[in-house]
Each structure stands twice: as structure tokens, then as C-alpha cells.
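Look for subunit A in each of the two complexes below; its partner is subunit B in the first and subunit C in the second.
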Partner chain A sequence: MSATNCLRCLGRPAVAGASRGVIVPVFAPRTAPFSTTAVQNAMPGKPQKSMEHQDRSVRVYRAGKKMKIKKKGNLDRGKPPAPGERKAFRKKIVLSNDNALPVPWVTEMVAGSLSDRKQVGTIVSLPPVLQDQLRATEAFQPTQTWGLFRKPSTLIRQESVDLIGKMEKAVENKETARIVLTGEKISGKSTMLLQAQSHAYLNNWIVIHFPDAQELINGSTEYAPIPNTENPTLYMQQNYCLKLLQSIKKANEKIFAKLLSVSSHSELPQNITVNQPLLSLINAAKEAEGAWPVFQALWSELNAQGANRPPILLSMDNLPHIMKISEYRSASFDKIHAHDLALVKLFTDALGGNARFPSGGAVIAATNRNNGPRIPSMELALKQRLAVQNGDSEGMPVKDPYFKGYDERVEKVLKTVEVMEVNRIGKKEARGLMEYWAASGLLRTTVDEQAVSEKWTLGGGGVLGEMERAALLTMKI
Partner chain B sequence: MPPRLNLTSAFRALSLRASTTPAAGTSQPLFLQQSQKVAAPAARRFYSGDNLTPDSQLPQSEQLPPSSSSSSSSSLSPEQFDNAAQQSVRQQQQRQDNVNALNRLEMVAYGLNPFDAKEEGHKYGLPSLPLPSELHKDHRYDDVMGQITRLLMKDGKLSKAQRDMAMILNYLRTSPPPKLNPLRPLIPGSPAPHFLPLDPVTYLRVAIDSVAPLVKIRGFRGMAGGGRSLEVPAPLAARQRRRTAFMWILDAVQKRKSKGSGRKMFPTRVAEEIVAVVEGRSNVWEKRAQVHKLGTAARANLMNPQIKNFL
Partner chain C sequence: MASAANSLRLCLRASRKISVRPAASPLLRRALTTTAAQCARPGRKKGWKDPSDNFEFPEPYEGKAFNDLGEQLRYSLENDELNEADRAAVQQALASWENKPNEEKLEEQQIIKEIDKEFAPLRAPVRARHNSFWNAEEQDTDLITDEVGEDDFEENDMMAMGHAKLEEHREYREYARIAVWEMPLLSKFTKKFEPPKENEVLRFRYTTYMGEFHPADRKVVVEFAPRDLSELTEVQQSKLCKLAGARYNPEKQTIKMSCEKFELPAQNKRWLGDTIARLITAAKDPTDTFEDIPLDTRHHKFKSIPKYPKEWYMSEQRKKELLAQREESLKLDMKKRRTRELIDGVKLIEQGVLSSVKEKEPVAVRVKAR
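The block that comes next holds the complex of A and B.
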């Protein structure tokens, strides 16, 4: 920094350098020679009035002036919300409410809780470790009412016991249960998925969960063709894949630390040799670029035969979204079918029965009714499967011969799946649930037969979400 | 008028009397029996009385929900138990039927209608009259709730306003108990702050009633001389007071910044303002004080002879 005063003579020069006859650069704003705007803007003072205006005898028309209307209303001078903040508010998940009373008879969920037929109609709470795992896989949804109660808890329904029973049976026989959950709006399909995941985590399964199938196909993540795939060309979604890998890692960290690799993977960004923990394999995916090969390597490791792998749960919410043409386009601008996206293909192969997990496991998908597209092939296939399961060969629905919108690929995937309907709950379960609400201090009525019957009826005859709306999301508290 | 004595309904009524075992000879209406059966969870409205605390209200067997604790066990084997139970039920039914029939005959003798709708043919009995207001379709909500929901409404969408109101109540339920400001006392008789979150309707009512102004200022044009209007305070009715207060709150909500998106944003802003009112942080308190000050200053104008005809 230079001193303002001359150090030799202690005199302050009036104009720097002027007295000494030194050429001083003029600090004019530097602009491109063909533009004068910046220079004009930088000029100090007002533009001078012309002499004509001061002479009153001359009539002057004021040209170039416009009437300005000052805008009323409050100007928003505050800081706008940061990018992503508004969405974060929408997606925020709160799992506890300190105002709600603790319910003494609610126990913590253990490995065998969900398969215990005696516990149907009771409420169990999710242990904290499990909460973190479920959070990592985005199993909780902001529209559910977790935030009203002291601890996140869930009702054990007849359907959940049935579902878990099927999962257990499949693992006993080293098979893969392939199940599609259907049912009405807000009847608890996603919560059933959450229960399946909870059971899997508590029994040391590996869980890979796609929280929303819509994210895969609606053109919101980057995609690229996988080299050396022809007829059809497959596409990878590296960013989504990285996110998925991180959530898998966070949720299954303990198991992956123990499992060791059975083959070497030299093609990855970080060389993985035999007998390294799978955790380091996942850690090899640092950036989106290498995510897909890492995921492939992980998938092949998990499916390695004879390596004593734990059972696998592969689950997906909002299934109908992946049963249609995606929003992506190929290089020749043709629409890409969702089943040509590699991640979707992995899931549909497993759901269709082409993948075989070494220690068995389950592939579970839940349909959605609120935001989901209508897929005629899927609806027909599910109805047909239900008819077959019920042994109702006469009432088997058939294809409409005049309708063109059926999709063979969808039918092929759903040809052999098992369909489970998530129905309305019975009055016994409803009573258990309402006693829990009342004991939490959220339902301020006596829970007797009449009250249960009232809410059960208001909730469409036991549709669980509608019952919640009637009792918990109401002005009459 | 044909006689209302109908034998089929009498038989139907007789066959229905098998369920529980009240003492023989009781001719109580069904709905009364129902109301006596109200079990332990009735006490769950834990601060309906002052001396009750939540802990003292829990059922004796804490580890069981109320529904499972009612099923008592017995030392008999299941078959024995079934037989004995069936026999006793049958006997009791016969006894009961006889008693009922005799009662009815007695009523006929007195010229009364024995098959009164009050007693027969209703699964849950008939409600006692006069109906409590919440059973009437037009008064099913708390009076403040009903009024305020309509003030929230835009474009005539009442259902959306009701949903918003429910979200406001849920926000109040999940927010921590308010920290009261001693300079801004709430309306007398309001419950302690730690009771408010679990009773969100009262929470809202306390907030609105606390900032509701007592008077409004009426201007009589040109009566103050020189073209000025004469300002005169006028008392407000309860509904008017609440309306004014809530419109002030909604004005404050409009100025509040929206930090998120989605259908929960507007209710969240309203609820935040209501918490701010209870905690004494809101500007609505200033507005109220201003109106009251003006009213106090202008009360001398009530004696103005010109306006006596208007009041």
C-alpha cells in the first residue's frame, strides 16, 4: 500500500503528480471502443438543461418524457429462499412429536414381530437404528402421519403378517418371492413396503429400495447409452445410480463390512481384489462417472453363488411408472421404453423371475393409485393373476380385442408374479389403532364400539389412510 | 288412526335380547346400557377436570391396550365353559322375555305405547334429546372453528379451507408449548401453556380471543365541524370481535414470507402467526392497542348531542 503523504517532504500533493509534471493516467471507465453506454453511465452529474427550456418565451414541447406510475404494494426486499429450500420444506420428514404422550403398551419391533400372527392388531414402534436405515432408503413419506406421534410406530395388519410369511417361506426354500402389492388409494401399500423393509433389516437381509419409480423415467436424471449393447440399446443413469449406491451403503453398512468379494474387479476406478469387504467396493463409486460399473459389480457380487450371501430384498414403490414409455429419447430421437433403462431392467428381470438370489429373498413392488399412470396391460395382468390365485378360471378377465394400447413387455414381466391386495382393515385392527391414537392424546374421544364403528365407516369401511384423515386430519378434535 | 300395536316388531324385539346379562327386570333402553359400558379410555380426556393428571388416568394394566384387558379368563375348561354359558344365557333370556312381556302388558293397561322407538330396533340406541350441538350438521364444529374456516376460504372452496384448518391444528399440536410474554397477557381463564398443544382448538381460540378488540371506531361524516368526521367508539359483538382479530392475523400472514412450497405452506404460515400471537411477538397486539387507545380518546364524543339520534 502506498502512503498518501510524500515521505520525503511531508507535504501532501494537491493533485497527485500534477506538480511534478508526471503524466497521470485518467481513470476513465474502460469499455469496448464501439460502445459508449458504460461511459455515459459513469458520467457524474445530471445532463445539462438546454437553454431553450429556460427561456419561457419559447414554447417547448416536452418530448420523450413518459408518465410514470409508481407501483404500489410492498416491495419484497428480503432474501429469497435458498435453492432447494422450498422443496426441502415440502419433503421434510418429521418422525416424532414431543407433545404426544408415550403409549405404555407399545413395544419395540424385533426380528420376529412382524411374522407373529398373535400380534395382529397391535402397534409396534421402530427402533432408532431401524429408523436411520429406513430414512436412508427414503421409506418414510411426507404425506404419512409419522410426525404426530411420540415415536414412529406401525400397525401390524393381517396382510403384513401374510406378506412377511411369504418372504420367510421363500428364504427357507432359497427361492425368490415376487410380489406386487395393489389396493386402493391410501390403503397402506407404501407402509406395507416399509414393514417388509423393516423385517428385512431386522433379520440382516440386504435391502435395495427404489423409493419412487417416477424418478427413473421422467427425464430428471442424466442418462447415457451403455457401450456394446445392441438390440435393444440399454441406458445407464449414473447420477441416480450413485445416489442409490450411497443409500444402499448407508442402510446396509454393517452387513457390507462383513461380506467379502469373491472375484476381482479390475475395470473399476479403484481396483478391487478378491476377499475385500464389499463396503470398499461401494466406496469405489465416488463420482457419477463410475457409478454404473460399480453397481454392476456389486450386483454380481451379491448374486455370487456359493459365497454364503444373506437374503436380498429388492423393492420399488410406484410401480406403474416403469411400465410405460419413458421420457427419454435415443440418439435417433425415438422414445425409449422404460424397460430399456438398465436399472429398471434389473428390477423387472428380478420381478419377472429371471434373477435368482443365492440365499433367496424377495422382490416386492407397490402400485400407486393417486399419481400413477393407467397401464392397461398391468391392470389386466394383475387382475388375471388374482383370478388365477383365487382359482377363478371362469371370471378370468380377457384382453379387449379392439384396444391397441397393450404392452407385451409389461405382460411378460407380470406373467408369474404373485398379487397381494392391501385391503381395508377390520374393526379389531381399527380398534387397536384408535386406542393408540387416543392414548397418544391425539384422538380426544372415548374409544368404544360406537366410536370405532364411526371412524371405520367414515374411512370408507376401513381404508386406513381415510380413517387417519377422518380422525387425525380434521377440524373436530 | 290405526293402532300402533304391531306384533312382528314385538317378536323381533324379544329375539334381540340375548347379548349381555343385565340384572333381570331392568327395562332400560339400549342406549342407556351402552353408555354404561363406557370403559377405561373414557378417562383419556386427561385435562377435562383440573385435578386429573395424565398419569392417574392410565388403565391399571399398563402394558396392555384397553381392548385386550377386558377379556377375563376363567378356570373352567373351554367346553364346560361353553355349555354353562349357553345354558345360563338361555335361562336368562327366558326370564328376561317374560319380564319384558309383562312390562309391556302393564304399559298397554296404562294406555301407553309399549313399542316406543326409543327402546326398540336401534343398534346403538337413540341419542338423548335435545341433541348436543355437535350432532347437528350445521354446528358440527366448534363455533370459532366454523367462523374462522370460512374466513380462510378463498373462491368459495370450503373443503380446501377445512383441510387448511386441519393442517393448522396439526401444526399447533406438534409445535412446542408457547413461551408466554407477561407483557401480553392472554385472555383470563386460558389454560396453562403446556396444555395448549394437545388441545389445538383451544389454542386457536385463546389466540384469537386474546387479541380481539373490544370496540371499533365509527366515523360520523362532517359532524366534528370543518368537514371532519366525528369518531365514536362502538362496542363489538363476540363474532365481530373474532372476525376483526382473525382478519388482522390474516393480514400479518400475508406479509409473512413463504419459505417453502406445497399445500402445507399457507397453513404453516397461519399457524406460525398464531403461535406468535400467543407468545406476544405478533404485531396484531399493536393494532389492538391502537384501536383501544383511539376508542378511549374518542369516548367523550359519545356525549355529542348530534349523534344521539344515531346511537
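The block that comes next holds the complex of A and C.
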């Protein structure tokens, strides 16, 4: 075809015919003559973008495009947790589970049940009053599995009977049992402490419990030097002291209401005279400011000779933390040894044998292996004490003469303590425990010797916490 | 339409460099000469003369063509820079040329012309051919060897691998000869092993690199156990260990020392012997027995290799014990099953669910009738 448009003129418009006088029909929107696609108009409803651009007389230069980052509007992230809410959630302790089946054969703990050798391997539940007392002293820990069962209950182990026996024997002789509980991770050291406390509460002892030694030394509470103390300067922690006093009061309220003071304490914010109940002495500490003197007064009252005081249980969990240099600094910016903190000193003196309770009692500390610092002197001292207790003079570990990390003050404290190892449980105890688990509806197996043996082996040969992990805290059943 | 190759060719042609190489320098235009051609070199001044040459034509005659030798000689005489001896030689040559008969002159001229004719193609500048692609026809005159056909196998030898195999066989046979003929002679030098006697406490170690020079071949190491030194008391032995410091190995209870201070192993060994002697005399010195100082073992890392405990090995007795335990546990289970004390977790859960359902009061549920 000899086209009207030669190849050179392809760029030209094809409507050239109009100028030649050819009639060309005029459509409002020009479409391609042979096309199946629909005609698309400019949207009638849409307004012209910029009206001033229509005015050709005003020349408008197009501005360069700018990248705009859209700011995200305030997303609704919900209400942030209130101060202390997160910690409260972290420390929340659930002691019962209504979905768990009640176990018919579990009896309530009574004053003598923990010292009964026949009851080894059985489960006893904690009576409600005791639960409140233990809650007040923070004896329950959020990592323990109380929340799985209908009622908080505990297994009576051989070790617990031994420990309670030692406590009772000390009270009989009006002595102080000084015991350090050691053992593997999650082998039940803190639960042993809880059992010791339960026994003490049920037998009307006075219990002073430091739930976590770490809180004393990691710089999280206020501290101040105690006036008139030098070489070394001692430091009081008033806020912690107030908290401790309140928990002591809550846990031992009934006993303190009966006990009367033997000397007057005029230096306290509230004057306490002779023969006033100790409860009013504790109540004198309303603010953190006077807490330390009140605590001192209470301590002296409890240790008053010839006043017919009940036995005292002084206990502390996570012992290794107080066996090192604390996070606090003195006025000259020197690091303060943990034993220079007055509260810690009170405990270490008692553990070292310097304090003597009038009607006897016990000082019990539990080490921790998971979060605890490694204290070489403490580890060595405990091993040495164990060797002495076992009569193994040959295998007595000795100090490395060229190691610099030993601490004399720690060694001095632990020189005469009794070390109790919280070991693995035996198969008999394991069976009792697993029957309890199955009866609570938490273990979907027949508890026969084979099943017990399996879980006992899976749990590192009877490490209680590991058995729990193997049987309760896993989806494989 | 012109093909792409053609257009490329055109482009290349436009951008190529045409090499024009003169076939011969103007010097070659001299007809007959015995002297070597010499180029003007950049470092040399004009008129520099090679002392080895006895005669040379004056230079400025470039571009000139002479009809005969007489003309050329005459032209060179016109040059002022010519020295006396040269001038005389040229004049002599000119005179002998002019004395020649005409026929001879013509003959010589004829010869020169013929030579010129023959050399003409050499003199002509070699130009790249008009439609040559990358001047591929150009001959490379710089090549030293003619590589063509160098690697061709001419069917008159083995392949290289065959030669290698033969070489291998020769090596085997050489060592086989040594093994059969020479090695048995070594047995003459054998010595019987004798364990060290009680007074031979020191154990030396030397190093040889089979005659090669090596910086470590002078090194001598000595090792001994202090408790083998029977002349020392226990206190003296422990003092010796403390004096040895980091050279004492508390696990093996040996002292190990080395020396490479001197050039010869014998000297080093001497030094070691002297040092040990001095250590022993110091250990014997009773003025300070070092008893108050604990042995320092910080330099040594004690390795503990865990071993499978003996108690864990299965023995007949252990098997019996385990069987008895199992039997007992089976009996216990049977007994509990009989008295219905055995606890079944699954059953208990089912019962618990049922009882909890029973506790709830039945609620009427309205069902939509269809």
C-alpha cells in the first residue's frame, strides 16, 4: 500500500486531511476507529486538580517531588502498666487451682507432722492460717508449682524430717542450730526452708525470714551510715527494715500480742514502756525513718534473757549474695562489704554463732545455684564443713595458697555452721509424690513402679524440680 | 540494508592505525660497503665516531642518490668536517676510481643497479592491505622461533606418561636394590635396649634434621624426676621443685628444661648439666629449706579425664540385684492392683470430669423444632 504517510512522516498527526478540505467527522472524545476497548472519560464528578493551572497566562513551574515520610499517628497501645504492676505480676503467687482434682488422702499439716519419721513420702497440705503467714514472709516463690494443685501441699522428705529434728533438738537444749542448706539446682532447698518455717509457725516460734538476700545488697534499697559506728562503719537500710518489720508483724501477730516488753525504749518515735505488748513496739515503726531503731529494740527484746521468749527461727534464702562486696558505696566511694550492712551483719552474726537466743532456735540459710554468685570461700568452707561432718579428714579440701579471691570474713562466718545437703529423693518418696500428681489429675498415667522409675530417671535420678519438669511442665505425657 | 558486521568493519577501518614501516634505512642505500650499519643514537653527538671504524662516510647525504661512486666521493670531499686522514683516504679512493677504465666503471654501475633492483621490494614500505581485517596478513618478524608444528608427535617415541611410568619403575628398583644389598649391613650397628640405671636420672632429647641446617638442631631438652635423685631428702626434693618454678610438672612430677643458647648441641647439653648441678647444690643448701612456701602450680592446668565409673559396669551380681528390684516392684504393683490402691491418672481424670458434670444442675435446653 502506498500510504499517504511515508515512513519519514510517521511522527506527524494523521489528521492532516482536515487541512486538505476532507470532511472529518468530529467526535467529542476521539476514539480509535477499530477498537473494542471502552471509551474512558475523565471522571465527571472529579474536580480539576488545580484551578490556577488552567490559566495559561500564569506560567507555573512544577516543583520537584519531595519524599514525604508519613508520620504514624499515635497508635493505641493500650494503657501502660502502672508503676509496680509488672513487678507485682512477676511476683504473683497463685496457691490453688480449682480445676485440679482434690486428693482425698492428703491431710493438713499439724505441729508434729514434719518431725514424724513415719510420714516420710506422704503429702501434707498447708492450713490456711499457715498459708497467710508464709505469704507474709514471702516463703512461696513464683517459680514453684503451687498453682497447679487444688491446695498448697508439700512432700515430707527424709531431709525435712532430719532438719526439723535438728531444730527440735536445739530447742530442747536451748541452743541455736545453725544450718546451711546446699544442693543442686531445683533440688528443693527453698521448699525445705518453707517447711522449716511451717514447723516454726505451727509450734509457735517467732520467724524472721529474709526472702531474698539479693535485695539487701544489690543497691535497690536506701541506705545510710549508722551514727556512732566506726571501724567498720555500719549501714542501715531503713526502707527494707520497715518492710521486714511489717512482714514479721503480719506473720507473728498472735505471738507478739502476748509477749510483753521487759525494758523501756524511750529513743523510739513512740515511747514504749515496760510490760507493753511487743506488737505495739513494732507498730511504733510507721515510717522508714524510725524503722531501724525499732528493729534493734525488737531484736533486743526477743533476745532478752529470762523473759520466757519463744524459740526464734531466723532464715534467709539465696545466701551467697550476702557473702560478697555489696553494690553500695561509702562516703569516700569505697565499696561496702555486705557484712557491713547492719541487717546482714545481724544475720551473719547469728549464723556465725555470736548471737544466742534465750530459748534456743535455729538460723537456717539456703544457698542458690541458679542465680547465685560463685563465692570461692563459701564453697570451700561448706565443703570443708561437710568433710568434717563426714569424718573425712583425708579428703578435706584445702585452700589454694596462690588464689586471691578468698574472703576471711566469709570463712569466719561459716567456720562452725552445719551443712545439710538437700539431695535427690528416693523412689519411695517419688512414688508418693507421683501418686499425688496423678490423683490431682495432672499426670495421665498409671502410677506403677515403671512409671515412677521412668520419671525418677528422667529427673536426674530424683532431683525433685527436674522430675516436675519431666512430668508436669511438659506437653508430652 | 548494510549488515551489522559490515558497519563494524567500517568503524574499525576508520579508527585503525596504518603502520608504515620503511624497509631499509637510508644507510642501506650505500651501494657497497663492509662497515656495519649504525643508527644515530640519541645519546651521541653529531660527528661521534666509533673508534673501531677506520673509515666512515660523512653523514649529511640523506635523501641524495648518486649515479656512481666518483660522484659520491666527490660529494663527501665537499664536507668541511672531514679530518685529514679521511680526506686523504677519500681522495685516494677518488683517484683510483678516476683511473679506472670506463668499461669497468660501467660494469660496476651495472652491478649496483642490479643490486638496487633486487633490493627494491625490501626497501618498499609495507602497507596494510586496503581491505584487510586487523592487518592479519602481517608477518611478525620479531618471533624468534617458528612455533608451527613444534608439539606434533612424530610417531618415533613413547608418550610422556610412559616415560613417567618408566621413571617410577627405576625408582622402585633403586630402593629394592638398597633394601636387598645395603640395609642388611645396618644390622651391624644395632644396640640392645637397656633401661636406664638408677644413677642415670637425666633423659636428654636431641633433634636432628638429617644433616640439613635448622635453627632448632642445636636444641637439647632434659627431663628428670626429682624423686629419682636418691641423694636428696624429701625436703630437698620439694625445694628443688619449688626452685624449678614453671618447669615443674606437678601431674607427672618431673622437671623439664631445654637450652639452645649455644651453637652446638654438646655445649647446650653441658650448660644443662651445669644448671642441674647448681640446682641440686642449691636444693641441698640448708640455710633456707623453702618449707614455708607452698608449691606453686598456677602454671599447670590439671586435666581431668572423666572415666566410666566402675560401679556402673554391668556385672552378674548387678544383674541379679536389678532383677530382684524389678521383681519386688512388680509384686508391689500387683498387690496394689489387687487392693485397688493403684492410681490411674486417666481414670481419675474421667471420674473427676463426670462428678463435676453431676454437680451441675441439669439445665433445660430449648431445641428449635423444624
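In this text, the second predicted complex is superposed on the first by the 403 of 477 C-alpha atoms of A that agree within 3 Å, B and C clash if a C-alpha of one lies under 4 Å from a C-alpha of the other, contacts with A are read in each partner's own complex, and residues count from 1 in each chain.
Just so it is clear, a residue touches a chain if its C-beta (ideal position, glycine included) is under 8 Å from a C-beta of that chain, and two chains touch if they have at least 3 such contacts.
These figures come from a predicted structure and were not determined experimentally.
The partner that reaches more residues of subunit A, of the two candidates subunit B and subunit C, is B.
In the superposition on chain A, A:446 makes contact with both subunit B and subunit C. Of the two partner chains placed around the shared chain by superposition, neither subunit B nor subunit C is touched by A:274.
In the superposition on chain A, contact is made by A:101 with both subunit B and subunit C. Looking at the shared chain after the overlay, A:402 reaches subunit C, while subunit B stays out of its contact range. Of the two partner chains, subunit B is the only one touched by A:78; subunit C is not.
By the touch criterion stated above, A:435 is placed in contact with subunit B and with subunit C alike.
In the superposition on chain A, the residues of subunit A touched by subunit B in one structure and by subunit C in the other are 101, 435, 438-439, 441-442, 444, 446-448, 450, 453.
Interface residues of subunit A facing subunit C in the complex, by the touch rule stated above, are 101, 401-402, 435, 437-439, 441-450, 453. Across the complex, subunit B is touched by residues 74, 76, 78, 81, 85-90, 94, 97-101, 104-105, 122, 147-148, 431-432, 435-436, 438-439, 441-442, 444, 446-448, 450, 453, 472-477 of subunit A. Contacts from subunit C toward subunit A in the complex involve residues 294, 296-298, 326, 329-330, 332-333, 336, 342-346, 348-349, 352. Of all residues in subunit B, those touching subunit A in their complex are 34, 37-39, 41-42, 44-46, 54, 58, 62-67, 124, 134, 140-142, 145, 149, 162-163, 165-167, 169-170, 173-177, 197-201, 255, 257-262, 264-265.
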